[in-house]
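You will see chain A twice below: alongside chain B first, and alongside chain C after that.
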Partner chain A sequence: MASKQTYETRPLECWGKAKEIRENFYRDYAQAHEKGGLRWAGGAWTFGAIPCGLGDDVYSLTSEPYAASIAADKKFSMRCLEAAERAGYARDLCSYMRNYWGSVILDEYLWGGQFPKPDFIWQDHICCSHAKWYQVVSDLEPGIPSFCIDVAVGPAIDLDDNKLDYVVGQMHDGIEWLEKVTGRRYDDEKLIQAVHNECRSTALWAEICCLNKAVPAPLEEKTMFSLYVLGTLMKHSKVVADYYQELRDEVAERVQQQIAAIPNERCRLMSDTQPPWGFLGLFRYLEEYGAVSVGSLYTFGLIGMWEEMSDGSWGPRTTPREKGIEIKDRDQALRILAEWNLNKPEWQHFYSPHLKTEMMVRIAKEWSLNGVLLHYNRGCEGLSLGIAENRLGLIEAGYPVMTFEGNMGDEREFDLARTKARIDTFMETLGYSRS
Partner chain B sequence: MKPRQDRLEAIAARYIDRVPCPSKDWMERTRIQHILDLAREWKVDGAIVMQQKFCDPHELDTPAIRKALEEEGIKTLFLEFDVTVPIGQFKVRVEAFLEMFAEEDLFD
Partner chain C sequence: MITAGIDMGSKTIKVVILRDTEIVGKSIALAGFENREAAETAYAAALDDAGVGMDDVERVVATGAGRGNAPYAERDISEVASDARAAISLYPTARTVIDVGAEEGRAIRCTEKGKVLDFALNEKCAAGAGAFTEAMSRALEVEIEALGQMSLASTQAIPMNAQCAVFAESEVVSLLHAKVAKQDIARAVHDAIASRIVSLARKIGFEPEVVLIGGVAHNIGFVDSLQRALECDVVIPDDPEYIGAYGAALAAAEG
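Moving on to the complex of A and B:
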């Protein structure tokens, strides 16, 4: 079964730039007030393009990637989790929330100094706790004005004008609210540009993920986590869209030259949901078996935007510009932004696990997988919703599945030794041994 | 439900106006005022706040609900259960909670 072929491998040339973009994001948010700018906080899925209309000096802190960064710092994370528990928040709540609130309660920013309080909160609500996350933030940091858009209008396959109007109407209200709470005049041109940037960056990320259909895979998932995250920080920015274009070109070149993510690729896997962020070494452990995790619905579809191509395969969603659409006004921009996001793959399973299973089976087929690792993630009920149903669907489609329990952001609920032992058994069952 | 010319609109208004599930109770929490009104109207001395684990929206409101009740002088007992309910333990805790009120009567 196992080929002994060895591929050439090398680090990404644009890796350093990704690190720089991420560092600038957290620094710019913290220092925004020093330059007379504004700070806002909201989730990674919020409509970040909309506050762009307030000016170029408006910086955000997206809560999930911030909390994931805390989780990777086990010592600080434990202090944050315990601070949230002391304040009365249950230990089985989303571990991103608990890490984030802990940082607020301790008044410590992961990158040093006090926690930079946002000027306003700009959130959306699909997961049952998204708006509630910031309700608690408002309890902990009173006086921050908050606005939240309800996007729970059902799956994209059932999207109609009434549902779209509901979301777009809230967006219009939100812009009026932004003008009122910031005292700034809203610039529709900046919104339009941000919408174009968001469509470009999220379609480019999907295109990059598509390049991983190649054998050998040019990227492995541990690296992809550090790259997709830029979309969770500011998918609406030109900086991220331009970076993803550069990355796409480099990854395409790797495919052409057969530059592999790991030299001994013999087995192709995918994962699911957020990984236990403090234990990403697990992905390196897989490599000892010649196994590469080529991605997941999570890394592909949390930010990436997809559509079915003419040959029936999954590919990057066609952007408005590629369709020849020039956005002329606010309403058109908001409508495109809403429709674009309501088609997000990772929003679909909130309505039915079968929609997620279909996408996972598609990935398993098109990315030529040998097996699947499912993280039963106690830290995120939203993305783990229906995951046991997904397991059954994958098995029915003929893909071997290994499950492991854990928590993306609370190391007390992850057992590294036990998970490695499961991987050993799974890989041996698939017929692979350590290199 | 208040009747309206458009019956569907009347049903929709009823859904929007009723006390919501905590998952839909944002950005301001309307449930807390409702709970405080109930407590005042029924002249309660204490409240038992029940929590089924892994129901995040309820868990997210628990600290705020307990704080609001206690600020109004209403004592709270927090009971948390999972797929199984620890009846024996709950009985002991509820008895202790009730005895606490009796003790206050004794020293009034």
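Moving on to the complex of A and C:
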């Protein structure tokens, strides 16, 4: 395949702002107490909009993106992993969890200073590791109150009022608990605003991912990792929603002007699950073949909220405001928040790999892919569960698949040279040579 | 036209010299730490074997794990591509190629033209490769060449850990302590490797005819275990360890 189309390319203009939002997030959390504010810790999947009702000076540390940041710093990550192992935690557990625990055990914050202990833990139970994660943190940091919401109500296609009531009921209990442990009065108006922000930011992220259906793709996945992460930090914030709106506008303009993510795009791929964070250069290696990873169910569906459009294609989910819904009270806000999140694409395959395969095949078709790279991620049992089934489904649908073993957060379980050799073979079988 | 293929394997380097599509010279050398020097030595020996000089060679293509370090090569191709090309050239009706080398096992499904449709490689552990048999022959205190023949004399099948070469070795020691016959342990070793390789083959949906290549194809005990596990016969070319280099030389001949 010799076509060497050269597209114009240029960096994102709003790139610097994304970096700033991320830096502020980690700084604000660390400095919250200096301003009389509160700190909470919990997973990026948790219902982060709810603690917003405690006030504007409540800052969070979401554990997975924090651990991924650690993983990208190989030296610190190794110290964290070894600290967790020395404390007796097994090496085959979730590597995000082990990096996070290591940071707590070492009492070192990735951005300097001691690890800033949260005032409370606000978590949900999306997988076994998430449930145990903060139980161990409570052991390591005694005295920190913890609340966990069980969300195991099955896939969205089977969602009914009883299941929704089960989750919403826990949310109500959680708000009472938050008032009790913080001594603050809960403000429903702030919750309502946070729910609107979350719906807006996650629908916007889906819209941004949709723009990557264009050829050439305006974004490549390595960059998308740095952008979707804002949603994992605080998808309920106005700052992130406004940023995604600005990003959406810029990406739409790139599509219109055919500004490409890589100048030599001739092969379109997607990945799956979290990448080995310490080795994102792999995505640059693909570019030597003119191959662009245009995203994945992971980058699209962890933060993006989707729905089927009238033409049958995938598009951004219609927000309550777009539907003309005015949220009037706490219960309505919680119900919308629960239903919105339980429809998250990345949530569905905890229940069946076939649901995930359907979404992956849809992406492969609608984003015009030539092949798929599947990361058999030893670091995350939740998102890797059923991935071999996904491979079979993709192959059956006619998409060539390359698998590679690795670990999102433990570099000892990733072999860069062998993975590159495997990419060489895969690209060769697809008919591409280096540019 | 004279062309050459160099297979920079992890343990050995193989060189094949072709006159058009006929093999006229070949050589093998241990890769060692200085694999480029070893390749130069093997290349010179293969030229000698072919009775041609360096200037007579029109093109050189490299393959193998260390192919980036191959001397004289104008370009390189993956092991998967060279294996498929060579195997289909030798056996046009074959659709599956299994290559078991020193450190890597692989299964390849391809078309009648040698185009790769799918492939699977073993992951980090060498439990499905030649290094495993070498470790086990040391544990059994048997020459590697004798291990295959010994296993054919086995009278019973014993299950053994097929996931990790280290655990398997400790299992061999336990079996020796339990006074299990060496013949049965040898077969257990080959059955374990075969089960790893067959899982790769099933992953790609193998279909006969199956060609077995790579140095481990010389091990008749392994071949017996593999055929039993695959439930079909395999065909083995002469000099199966040279097939990768042959495929690279064919690629060189094609331009």
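In this text, the second predicted complex is superposed on the first by the 433 of 435 C-alpha atoms of A that agree within 3 Å, B and C clash if a C-alpha of one lies under 4 Å from a C-alpha of the other, contacts with A are read in each partner's own complex, and residues count from 1 in each chain.
Just so it is clear, a contact is a pair of C-beta atoms (placed from the backbone, for glycine too) under 8 Å apart; a residue touches a chain by one contact, two chains touch by 3 or more.
Model, not experiment: these values are computed from the prediction.
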Discussion item. Going by the contact rule set out at the top, does A:107 touch chain B (first), chain C (second), both, or neither?
Written reply: neither
Worksheet item: A:94 contacts which: chain B (first), chain C (second), both, neither?
Response: first
Worksheet item: Touching A:415, do we find chain B (first), chain C (second), both, or neither?
Response: second
Discussion item. Quick one: is A:400 in contact with chain B, with chain C, with both, or with neither? Answer first, second, both or neither.
Written reply: second
Worksheet item: Regarding the shared-chain residue A:125, is it in contact with chain B (first), chain C (second), both, or neither?
Response: first
Item to complete: Return the chain, chain B or chain C, that is in touch with more residues of chain A.
Response: B
Worksheet item: Where does A:424 make contact in the superposed view: on chain B (first), on chain C (second), on both, or on neither?
Response: second
Discussion item. Going by the contact rule set out at the top, does A:176 touch chain B (first), chain C (second), both, or neither?
Written reply: neither
Fill in: Touching both chain C and chain B, counted on chain A across the two superposed complexes
none
Worksheet item: Which residues, counting only chain B, touch chain A once they are in their complex?
Response: 22-23, 26-27, 29, 51, 53-54, 56-57, 59-64, 66, 80
Item to complete: Please name which positions on chain A make contact with chain B in the complex.
Response: 87-90, 92-94, 125, 128-129, 131-136, 138-139, 146-148, 381
Item to complete: Write out the stretch or stretches of chain C touching chain A in their complex.
Response: 65, 77-81, 115-119, 121, 123-124
Discussion item. Can you tell me which positions in chain A touch chain C when the two form their complex?
Written reply: 395, 400, 405, 415, 418, 421-422, 424-425, 428-429
